[in-house]
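Just below is one structure, and these are the notes that go with it.
Labels A, B and C are assigned to the chains in the order they are written; within every chain, residues are numbered from 1.
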């Protein structure tokens, strides 16, 4: 069901059909069984009782438990001072104290204090008289008023207006959407490693991948990270419009997955292609897999579009630089995302 | 047998028959799935009876990277006797896939000419080769050959040329630098504390058993689908540091107590439900009544 | 009574009188002391959640004294050798220092995190008990909605909490949350920009805002909702299972003082004790091992905490569908798994009481619970729906299953894309059949088989009666509570 293979009309018609079918099914289910089920089973026995355990041995046990709990709790303070915070010992001390207290309370609650089964009546929740009186009282507050419709209508308008006004300051909280389309990459920006050294095109080898950041720009920006690989000519099949984006077979792609924004950090490059797989990037979050040799095309996984490619050039000193900015937005898709043209 | 099964299924029991039947179906499905899982255990070494054409040269898609001049390298013993032994072993265990003259066989295995000692040592010491079937992923196994035989094969195959084997000295590395480089280059496949991971249809192994020599060789050659890193991208100091970090991950700092394998929220969730909540449900059971206990 | 007893009694009486003259709550306290709690053990699951919440608040106060909500980049020069000289945010460094340099810092951090996991797990178990015993029926449907809201808030709260540390693992989760927010049709871009203060990773005000949400806004909301939740229970009295002496109109159980209070306090100590033992002995979220977050870094096998795991399963399972009309992305992919799926699950849970009223026609008030087997359809639908969610949750671990067992990842995904629809239907039929079988046999599913009552006639024929003697149903002599005769079927 990718956008290209069904027209919107067909898709819409199918969706409506499913909705109609579901509603019919729900109706059919709902039509059965309007007799209420039999009422719950009730009992006439009186279960009230009260027993005094009168168990001095258990009382002693509770006392001992409390004292041992006290030892553990004091130990907590001692361990804190002596070991300056060994987490395991502190946990055993405090946890042990609390667990012993728990046992003491539970044993006391079940075997030491009087055990009682008591019956209590539930209150009447629905009081018809009071409910009607309340409604009457509220209605009485409107006696003598003739232009009720005007007042209610005007009050409604005022209420909506005030709520809208109260919600308006929320707009101050957020910035504009322009920055969502921007990355630090533009024509001439150099590619550096995470220590700030420019990459030389001759250093980019086949069979490995490099993480690059824009020279002299904020590396924490969402669009900053890119992946750089070099592929032999027989693995490269770029669209015609992108032929000059990959000088010497060096390709650059956004490192941010267009599915859900994780950094793509898996790269597979076969030792022997005929018995294994072509070079590909994979995102570790949901395993979207992209082919660098084919313009970042998706071959597996949930990403909705291809991995954005950055056009590269090699400057006079042999350093790698961006030939232009990205031709589409990087990162996850949203209402205003600029998707690739080709 | 069938009678026993039918009696078990239809006997009167406190557990409804339908639940027992479902359990049986689930267990059967699980065992079918488990038994059919691919495994590389039990290498036989010789699966392809056809030797293949002796003249075609099938280069690998990527070759091992050489250490930089001045970087330490590992030397393996070499002698005519070892080479002769290597030749014999090669013809018996490797030629069926890699060709009689190390030229490789199209669609089966790459040529071994020019790989040098590093990959041979890596694949054989970790038992990844010989491989059961050409399309299997080479996985760590008990090695088929002992050290002498591995040296023999190294001596024989290295005679066909190739870069020297890299090596690493973890004591020269810096732990913090190694963590930094490992996070940037390796954690995407091998997980942040080297507990292993996957890349869609291949496993990136955990590194608990990897020794410094294996790690250095793997980094420079990139076994199977792993990328290879040359001395410009990961220089010797970075390599020493990465190896030092990987060794550290065998026993990471677990200041919080039991590390539960250091892979994060999956074991943590299991502990929360089956130790934490389970204990508290037991306490609740002890405090409260059960249905048929009431007066 | 000996001297000490008499002395204590006298002092206590004087103190009570003094308080009463000022506050005047004696009648209320008397009511509270005699308040009856039914004793079934499954009614304590909600209390486990409540006490976990108290532990969270207590440990959270400690943590908030150390945390610095700032993304200013600093260089680490602390005690942990692996991060020496590493660049990180101040937030991450503050959590690192708290964990590795402050005595009891790591203990309280881990107790807090374990408490969060156990808190949500106990809510889910409590929800299951509510559902499968029909406790959400009138008059408790309102309280049920409050509970569901608290579950949603608790999940958000937990996610916000572990994201505050700004480590690699939680940072990846925040990027995904950002993408899910962006994916909401039409307004996603604005919403995500509003929350993050711009594109991910957000501006410098994101971290103080996240902290305030986690430390003040959601806990305050939860505290109010918990109070409402408990107040509603007090007002309506707790529901109970049928049994000796139990009627729709009464509550049979243990009064608060002294036994129930002690047992409940014991449960509080048990919850705190288990959480402290876990916090000291089992490591959770060792952020020093993950390292600081940078948008250009990630690691394999990253997972969210378990209560978000159902979303990662859904996100991994979805095929790459995006709805694009005339160049505009109406629905982007993370919406299906990250927003539509959980909203649908919660919507079904919210609408369930009304749906059940519609289907069964039963609009009466209910205070007696039902055993799951007594309503096979409800139990089967619930089990099927739960299995659907649980399978999606389990799919989130298919990468680890591939790693451990060698079953291909792509195969698992393709199988489960079909399996998540097939298996719940199977679970439905199996559960319904099991319920009916348990009804017939009258046995407890796990304990002693109680057998059937049989009658043997004079000619030796054996007739099986389906009910045991103590399950004979007495006739109902009065209408259920809260209805007016003739208007029983109004909702």
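As a convention for this text, contacts are C-beta pairs under 8 Å (C-beta built on N, C-alpha and C of every residue); 3 or more make two chains touch, one makes a residue touch a chain.
This structure is a prediction, so every number in the text was calculated from the model and none was measured.
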- Note on the structure: When B-C and A-B are ranked by contacting C-beta pairs, first comes B-C
- Taking the mean of all protein CA atoms as the centre, name the chain whose own CA mean is closest to it. A
- Chain centres from averaged Cα atoms put chain A and chain C apart, in whole Å, by 17
- Using mean C-alpha positions as chain centres, tell me how far chain B is from chain C in Å, no decimals. 39
- Interchain centroid distance [CA atoms averaged], chain A/chain B, Å: 32
- Mind pulling the chain B residues that touch 2 or more other chains? 184, 187-189, 197, 199-201, 255-257, 283, 286-287, 294-295
- Mind pulling the chain A residues that touch 2 or more other chains? 47, 87-88, 91, 102, 106, 109-110, 117, 194, 211, 263-266, 284, 287, 300-301
- What residues in chain C touch two or more of the other chains? 106, 110, 243-244, 263, 266-267, 270, 274-275, 278, 280-281, 297-302, 399, 409-410
- Of all residues in chain B, which touch chain A in the complex? 58, 60-63, 65, 104, 106-110, 134-135, 184, 187-189, 197, 199-202, 222-230, 232-233, 255-257, 283, 286-287, 294-295
- What does chain B use to touch chain C in their complex? 13-19, 22, 33-34, 37-39, 175-176, 179-180, 183-184, 187-193, 195-201, 203-204, 245, 248, 252-260, 262-266, 268-269, 271-273, 275-277, 279-281, 283-292, 294-295
- Quick one: in the complex, what on chain A touches chain B? 47, 49, 87-88, 91, 102, 106, 109-110, 117, 194, 203, 205-211, 263-277, 282, 284, 287, 289, 300-301
- Query: Within the complex, which stretch of chain C touches chain B?
  - Reply: 39-45, 48, 80-86, 99-100, 106, 110, 114, 117-118, 121-122, 125, 168-169, 241, 243-244, 263, 266-267, 270-271, 274-275, 278, 280-286, 288-291, 297-306, 309, 371, 397, 399-400, 402-403, 405-410, 426, 430, 433-434, 437-438, 441, 443-449
- Which residues, counting only chain C, touch chain A once they are in their complex? 34-36, 73, 102-107, 110-111, 139, 172, 175-176, 178-180, 182-183, 185-190, 192-195, 197-201, 203, 235-237, 242-255, 258-263, 265-270, 272-281, 294-302, 312, 315-316, 318-325, 327-330, 332-334, 337-338, 358-368, 370, 399, 409-410, 471, 473-474, 476, 480-484, 489
